[in-house]
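Consider the two complexes below, in which subunit A is the common component and subunit B and subunit C are the respective partners.
Up next, the complex of A and B:
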């Protein structure tokens, strides 16, 4: 008797899950009907979480793939667009992590990066310089777009013998002091900068302290500038 | 109509003018309010209500012309050294200098690699009291200032120095 009942309930639950509630409601035995309904609720509850989990998983997978492809493609897209718009200014075809540019048309490219609607890099987050050795100085620009929330890095290498890069101070006003600091520490000249002076060191300081071949000057206004102390480490 | 009037019998205190002068100087050495780095925060704490430098007669003054003591609080860079020297020269005699913290006494953490840091402010101006610490606690600064007051108290400004 019990086995028959179980079989019957299982059949009813299957039909109920499929959306057909009539066979359950038609049962005349109240006990059997309530048992069948309880089993149906239980079956639905156990089925539900799995379903939602799957759903969430699918959604997150999708978004992560989208984000990844966007950020991966961004630098390449910019590289292609720059190559199209300003041929010859892309120094390195590999744009995986950054975009390496020649200094010649940097002012025009910067203006375009800011005004192009699909990029709209409206914020220069950081500008700094590095002496990467082999008589090469490099200026780096970290750009961010408030509108699209994407960012990229521009690098411009120049020879240590003629370190001139066009200034972008008139495009991003924040670049004013950034470029003054880079000039102060590495001696990279930013042409067409409206106020290119040293910013941290005194105006009459000699040399560029962050260059690898920097020699500390011996005296400053009669004050002896001490050499590096020996035997302290 | 002072509050002391008629409360004491007429009295005469006999003392050397020399000693009176140095006593009055030592009890109110106004200091020059000027900080170059993080030590200035401790100097502010020392001047604020908890440690209250006014107890020992020290009031911050914003002009070198009105100050007797210069507390050099913090790292002095080469660029600043010229300014510190100029400010010291603008102070009126008698003037005293307290080098506060390890940067002002010896260059501190920039002793070895700081190419633009002055290794001790005593290279450009004469220092009376050195207060060690990085930065020193307000108590340490107050002890240094009490030492300075002791030094001023023992001075005899009117006595001709015997060669």
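Up next, the complex of A and C:
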């Protein structure tokens, strides 16, 4: 009995999906009718996501302006390509929001990111550093392509005891000043940078202000340095 | 600075010099009148913006953003609140969006007026500066009418605005636009086609496209080099999608593409586009809508990172915010357009005469508050 019912419902759902609702409405047994309708809704719902996915793909083909699904795919694609070209450089397989790289081959990877025609990241939007705790500093690069209008974020973490990352100032010229600022604020050293000096603070300032364990120096050339207030009065 | 050869001389421009638009020191190596190398020294105005942000709550950051680019505080507020709202996934109502766009575009005109006037002043034209300040004053009056402050507004809040538009604002703005639109042609006659001005700026300090992109130069400076790139069009935020306007680019009207004159003229054209946007926004401004509707009781963004860019009068203004789930930003970085614009000075100004260096610096329209933060 049950098997027969299932078969009947499957047939009705097929007809319903094709647009023919009459056989379902004609069923006299109310329970069977509602079961058939529920099955139909389920079937429609499971069919929908495929449609929308197709739709999104079509849209992203047309215009690539900041399409979220495209940029997510982009990160995955870049991750795979990096893994192929520079094995061992990709630290974290999860590339949903950003790409985590090891510092060793960063200069080569950066050059490749800029010159690879399908990526052509010609503009370094933002470069910054961050003290993420547990004795780790992280440099972050927000890249953008003027040609394809897509963005990605690269992260490279180093130990606080030996914070050295290859410089990319010869690839994107703006990295020159960005890296100087990151060096100034967090003490991340960029190897092969041609002019690595402090940029905002005086040359003889002590300490790296944006590290979480930073202590303000007591005096500077005999002038007392005002202490930062704890909280708000 | 390296070795100085027989005929060379090292000259310091600034830190206190009217042409540096603030406190900036340019160490210039000259050979006679020709400049061979420029080394900018920054940091005279460093006020630890990013360090302060790690110690105050998200709401309290907004007044600090005012003081970064003090000539375009509205757009600084705008960029910050857009970033935090994206992080918290807040949508604001249509009236708030419209008011924000109106303020941002008024601010763009005000900022360009001062930038253009000061540029004229740098190359020796005194009168246009007074004309432009006179008209900028009328915009500041509109801001004062709205929120009580003339320069540092703290007007845009996360999820809303501090004040609604006062009675009579829309009429006053229409009056201003009607008054100001013909004035632009007056400026054009005063400066743009002025022979002395053209001689000082046309063909001077050309910035090629590749150099501009590689140095991260954005905004009017990039567009003057012929790149049609405007975040309001290319990566629309807020409601810019619904307005019609053009993106003017440099065409080398008096000299070649990307020279000082182009950088000047692109800004003049941009003011016209801003007027277009303003008229559309004023016409479609919804009458209903609570400006405090979406303001959250507590601003505690979820754990995460965001990098959000908006188009300030000087270019791509980016905020990089790392949130650890508390009410205080874990790390906040401001990517300022003037910082990147100044970094290109050695590349484009070396090889020109000393007096041209000041014209090039003026044409980049930098604000030191934003560079040093």
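Everything that follows uses one rule, which is that the second predicted complex is superposed on the first by the 159 of 233 C-alpha atoms of A that agree within 3 Å, B and C clash if a C-alpha of one lies under 4 Å from a C-alpha of the other, contacts with A are read in each partner's own complex, and residues count from 1 in each chain.
Just so we're on the same page, contacts are C-beta pairs under 8 Å (C-beta built on N, C-alpha and C of every residue); 3 or more make two chains touch, one makes a residue touch a chain.
Keep in mind the model is a prediction, meaning the values are calculated, not measured.
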item	value
Fit-or-clash call for subunit B and subunit C when the two complexes are aligned on subunit A	fit
Subunit B versus subunit C as contact partner of A:146, first or second or both or neither	second
Partner contacting more residues of subunit A (subunit B vs subunit C)	C
Partner chain(s) touched by A:201 [first = subunit B, second = subunit C, both, neither]	both
First, second, both or neither for A:125, with subunit B first and subunit C second	second
Partner chain in contact with A:105 - subunit B first, subunit C second, else both or neither	neither
Which superposed partner A:223 touches (first subunit B, second subunit C, both, neither)	first
Minimum distance between Cα atoms of subunit B and subunit C in the superposition (Å)	5
Contact residues common to both interfaces of subunit A (with subunit B and with subunit C)	201-202, 209, 228, 232
Complex contacts: residues of subunit A adjacent to subunit B	201-202, 205, 209, 216, 220-221, 223-226, 228-229, 232-233
In the complex, subunit C residues that touch subunit A	42-43, 46, 48, 50-51, 54-56, 211, 213-216, 227, 229, 234-235, 305, 307, 309, 316, 318, 320, 322, 330-331, 333, 335, 339-340, 343-344, 347, 372-373
Contact set on subunit A toward subunit C in their complex	65-66, 97-98, 122-126, 128, 130-131, 140, 142, 146, 149, 151, 153, 172-174, 176-177, 185, 198-202, 209-210, 228, 232
Interface residues, subunit B side, partner subunit A - complex	78-79, 81-82, 107, 111-113, 115-116, 118-119, 123-124
